[in-house]
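Questions regarding the structure given below will be posed in turn.
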Amino acid sequence: MAIREVLGLYRDLDSAVAAADALRDAGFSRSEFEVLSNAPYPEGTFGEESGIHRLFVFPLIGAACGFAAGLLITGGTQLSYPLLTGGKPLLSIPPMIIIMYEGTMLGALIFTVLGVLFESRLPWIGRALYDPRITQGYIGILVRTAPEREARAIEALRKANPEDILTESGNAGRQPARS
Amino acid sequence: MPRWGMVIDLDRCIGCGACVVACQAENNVPINTEDVYHQRRAIAWIRLERYWEGEYPNIKARYIPVPCMQCTNAPCEPVCPVYATYHTNEGINMQVYNRCIGTRYCAVNCHWHVRFFNFWEPKWPDSLKNQLNPDVTVRSRGVMEKCNFCVHRLVKAEQKAKTEKRSLRTDEVTTACAQACPTSAIVFGDLDDPNSAVSKLLAQAEQEGRVYRLLEDLGTDPKVYYLKKIDLEAAEHAATH
Amino acid sequence: MQERHRLGEEEITRELLRPLVTTPAMMWVGFIGLGAVLAIFVFAVSWMFYWGLGVTGLQRPNMWGFMIVNFVFWIGISHAGVMISAILRLTQAEWRRPVTRAAEVMTIFSLMTAMLHPVIHTGRPWRTLYWVFPYDFWRNLWPDVRGPLVWDPSAILTYLTGSTLFLYTTMIPDMALARDRTTGWRRVFYTILALGWRGNERQWKMQTIAGFLLSGLILPVFVSVHSIVSWDFAVSLVPTWHATVFAPYFVIGAIHSGVSAVVTLMALMRWLFRFENYIRLEHFDAIGRLLIAVGTGWLWFFLLDIFFAIYPQEARELEIMQFRLFEWPFNVLTALIFIFGYFIPVPIWVFQRFRRNVKIMFWTSILVNVGMWAERYWLIKPGLMRKYEFTFDWNWYRPSIVEISIVLGSFALVGFLLLVFSKIFPPISVWEEKEGQHFAQQLRVGKRVVNAIVREF
Amino acid sequence: MATHGHAHGHELQRTWELAPADVLGSALRWMRSTAAALRRPLVIAAILFVIGIVAIVAFPLRQGFANRQAWTYVAAAFLYLMSTAAAAPALSTALRVARSHWRRPVNRASEIWAVTLVIPFLLYLLLLPTFPGTEDRLSVWFGWPLSPWLWGAILLLTLTGAGYLFAWFSSLPDLAIVRDHGEPAQRGFAAWLSRGWVGSHRQWRIYEKVVNNIGVLYVLIYVPVMTVLASDFIIALIPGYFTAVFPAYFTITSFQAGIALTIVTMAVLRRWGGQADYLGREQFWALGKMLLAFSLLWFYFWWSEFIIFWYGRTPREIDILRFLMFETYLWPFVLSFAMNFALPLLILMWNPIRRSIAGPTVVAAIVLIGNLIDRIRLTSAAFSQPDSALLGHAHELHEVPAAYIPGISDILILIGMLAGALALVLWAARYLPFPSVAEVVGGLWLRAHQPFKHARLIVIGKTE
């Protein structure tokens, strides 16, 4: 079943929050609409949304990989080329620790960034309703719902004095075409 | 497995510089022209340091030939990022020119100043082109080089011994500097072989208490031993070393 | 602060993106001037490649010279960026917002510049590049991990990668902003960099968490980098180098010079881009207070180093100390370090009146970095000039014109890169400024209105 | 509408709902009930203290000052008190200067330890005669006349003075409260201490400035003092121990122990002192982070010494490593490594644990023990060297003395001195209200929690 998108644009925070409430009253669950803004608002400003993420797993995995790589390179080098230098033991642990440490941190850093991108679903090349005005400071409320409920969504969005309402078929306008 | 070492008897050294010249010729060390000297970039695998002692008129010149000490725990080795210098199992502190990238850290961490860097492309006058030693690599610009106890001689001798199915004879082989020294102040040989000249010399000098090594307190265990001059000033002069 | 006034979304966007669209005259001057010096730099380096290191002032025993000193200096500068942005993010200090990006960018560029030095400083740079990095698996001789010169790249590359990713992650939302406001090739460029950012709640949440997480991860790296750089010197047996205190001493010195460099940068941005509304006096005030602490800490380690170099009362060490404390020109250098590095700037910073004066902050920060460059030279050179008892081999070091132009060029290089960056990317994080506006609040206490900030708990 | 705070798993502390009256109320409750309940532990601690003094007189003192080894545990107790009790006030200054909004209930818990400073001061005076003069041995005094005795004593005296000044001045307004509303028994002393305080606007302005400045002054004295102690008690007594980073290690690890001490104090106050409303997750979380950071620094400062010695490999350095870490004092070293670095890292690296009450508390306790072991290791090593080993600018660790095993007397001394410090704190706690009314109430104005649309948020004011 196809999913239809409706994007309501709001000039200020109050009306955006009102729109979110209106949608909720109209029986849209929190997972059916998302809020687009040009800067973070305190979490929960628009009501609870599921904050579940696995971001904290990534650095740990990365650290493990980095550590292993460091161990392999340092240990491997010293074991496979038993060249004596400066009377140091052929398998000198302290230098290994330094490089393994760097490896660990490098792995952790890279995987964290990968994790951030993955958890925020970037890079994202799908197409969805969007409007440049959002980065100007407008707040967008994007409803994804079944075609038959699209009208209700538009109606709900209209309650909170939107700047504009965009649908896949084009601009639905702030007010009904004919009342 | 021999452990090569050297004994330099300062009581015999007359500061003639034959060792320096011999080394220069043996190891294809580029000619140190005057301006190279003024740049303080002269290369001398064994150098003759001259220190003045006393005040004019009764002033004495003291000479001390300084080759690479071939430290057992050489500080210069572990700091090389590319294994260009490492320790052979015959106890020689080896320099691999092809690996060297010229960070010069080894020179920084060599406190006897016996590591030399090719700041310029080495050049020889045409008259000398044909006397280059075929056994020794000619180093290129940008690499370190240093005394290696004429390792090519050692290798040759060992191969000869092998082909003759025998082990290396005592004092069968020696370095260019030792060979050239007119007063045989420089003696080279196997420190582990009790019959070798170096061992005997050391044993005897130990009793006279003349043996010392340069910067011994750094704990690098150099394999070049010096025998003090037999007079008081020399004794205290050596003590300052 | 009292001078803080509410800015509209549009106002912020327009002012912060201004450098991207308009180019003030001073900027052209900068491009041309720095470009000229840069040309000299390139010429000097290629000259050195062609003739070999003979054209430098290096000789026995001064095998390391200006380039290594400069390397340490730039590594030091690179420590400000992450120090500022990470620590201030973790402590949620409000005044970080306008500072972080510029600081991080400076980190990255000065790190690149620093890395350049040891490479061009080797005898055979071409080999350095293909033997040490990238790892050369076919020739089957890997770098010796026991060598500090291998720890070095590992640390620096980790730091560089980390801070680049850090910077990019925090820049994605601004790329989206630029995407929506540009046309033509710029639009394509920003569209690619924005990775299709849309700014929904989840993305913002990730963005916020990433700020904390990456800061926490990169701080230990940043400490390790300069420590390892210091071990390049400290693990050798050169008198006055072989000191256990070197690692923390170098790090605190790096922070001292780096944070001062950030002050310099802030002042320049304020003047060049007219960012008065963002880089405000209170920011100079705060960073000045930070600098007092850092500077004093640095002085403590500096004195520790000197005292415990004298402590063993060994002839060699004393010889060099005496040389570098009392003999020309090092006695002047010592004075310079003390006066420029501490005794002029810190007493000035103690007074809020001066902390809130951009000109004074600018010049003091310059002084600090002059002092810190001198300090690096003071730390590194004397030990080499008078290494151990071989007076026969003691020697002076005089940098050649080539080295001098390389050092000057390195400054031009960083400056040039910074200018280019601020031409392509917003030099102040736009979304963080807006976030700051969203989170800013005010509390009434009687008649007093206190500026406040919203926090989630 | 579910408040989002719960989703975050940490609810708002009651501190946020309290009115000034409530704070005053709990302070007065402390003065009334808790202070009285402190009598028994106070007596026990005092008895242990007396036993400790007797032990000092009976053993080291009878053996005389010439035999330095007999004084090992007196020195250990001294250094440990300097690393914990004397470091805690520095922490409270740091929090003030950093203007952290959660700090206010914490300050008193760390400042109060300043009242113990007299004990380390007296111990120091006792220990001074065991040191030879510095003319003929290596030391940072470079053979000044009367060093280390006179100059060291002056330094310690300054620190002690600054500490008491700090403790007194920072609690001035609260003492005034006790003066006016405390129990009759407490009033007299409090009145004497808080003479002239009426809480006028001017007095408050001065108060805030002066408290900050005295605190900064204290830190500025504390760091040099620890530097000198590190070199006099450890470095200068171990021939060939040439390390410039050790004083820094000593100071930094002392801050670590100071934080740990504060956390443990907070936990005790929360559990038995009825401070749950004030010392909550917020505080433990923040201090837990600091403790983690300093545990990492412990490793860092140790490592930057170790790697240099390991790489340098001069005979002198090898000897030192063998002596202090890998042979003679191997086990004390392993323990202090584990308890100061490894365990704290492994436990505190998990945010849920950091954010709990128990997590930071347990780690803090571990760190306190680990620090004690570390100090014992260092003092035992240092005090086992006879004067003959030091004189004549000794550069090498000639003969490695065996590890010093404590006797019963040493344990008694150690426990006694620590108990003495505790006794002083307990005694002071009878005149000082918890929480610090001045601090907490002053903070109430600068923080609010309010709904922001559907979110519940806290608002933190920053006065400039």
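Which chain is which? They are A, B, C and D, in the order written, and residues in each are numbered from 1.
Definition applied: contacts are C-beta pairs under 8 Å (C-beta built on N, C-alpha and C of every residue); 3 or more make two chains touch, one makes a residue touch a chain.
What you see is a predicted model, and the numbers here were worked out from it, not measured in a lab.
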So which chain ends up closest to the centre of the protein, judged by Cα positions averaged per chain?
C
Computed over C-alpha atoms, the centroid farthest from that of chain D is that of chain B
Averaged over CA atoms, how far is the centre of chain A from the centre of chain B? Could you give it in whole Å?
66
Between chain C and chain A, distance of the C-alpha-averaged centres to the nearest whole Å:
31
Taking the mean of the C-alpha atoms as each chain's centre, how many Å separate chain B from chain D?
58
Can you compute the centre-to-centre distance for chain B and chain C, using the mean CA position of each chain? Integer Å is fine.
44
Any chance you could list the residues of chain B touching two or more other chains?
73, 75, 78-80, 83, 218
Going by the touch rule set out above, which residues of chain D reach two or more other chains?
4, 8, 307, 311, 313-314, 452, 455, 457
Touching two or more other chains, which residues of chain A qualify?
41-43, 46, 51, 56, 81, 83, 85-88, 98
Have a look at which chains touch which and call the overall pattern line, ring, star, complete or other.
complete
Could you list, by residue number, the parts of chain B that touch chain A in their complex?
72-80, 83, 85-87, 89, 221
Seen from chain C, its contact residues with chain D in the complex are 1, 91, 94, 220, 223, 227, 231, 234-235, 237, 242-249, 282, 285, 293, 300-301, 304-305, 307-314, 441, 443, 445, 450-457
Complex interface listing, chain D residues touching chain C:
4-5, 8, 10, 12, 97-98, 100, 138-140, 142, 223, 227, 231, 235, 242-248, 282, 296, 300-301, 304-305, 307-309, 311-312, 314, 393, 395, 445-446, 448-449, 452, 455, 457-464
So in the complex, which bits of chain C are touching chain A?
8-10, 13, 135, 141-147, 150-151, 154-155, 157-158, 161-162, 165-166, 168-169, 172-173, 176-177, 179-181, 195-210, 213-214, 217-218, 220-221, 224, 228, 431-432, 434-435, 437-439, 454, 456
In the complex, chain A touches chain C at residues 34-43, 46, 49, 51, 53, 55-56, 59, 73-74, 76-78, 80-81, 83, 85-86, 88, 92, 95-96, 98-99, 101-103, 105-106, 108-110, 112-113, 116-117, 119-126, 128, 130, 132, 134-137, 142
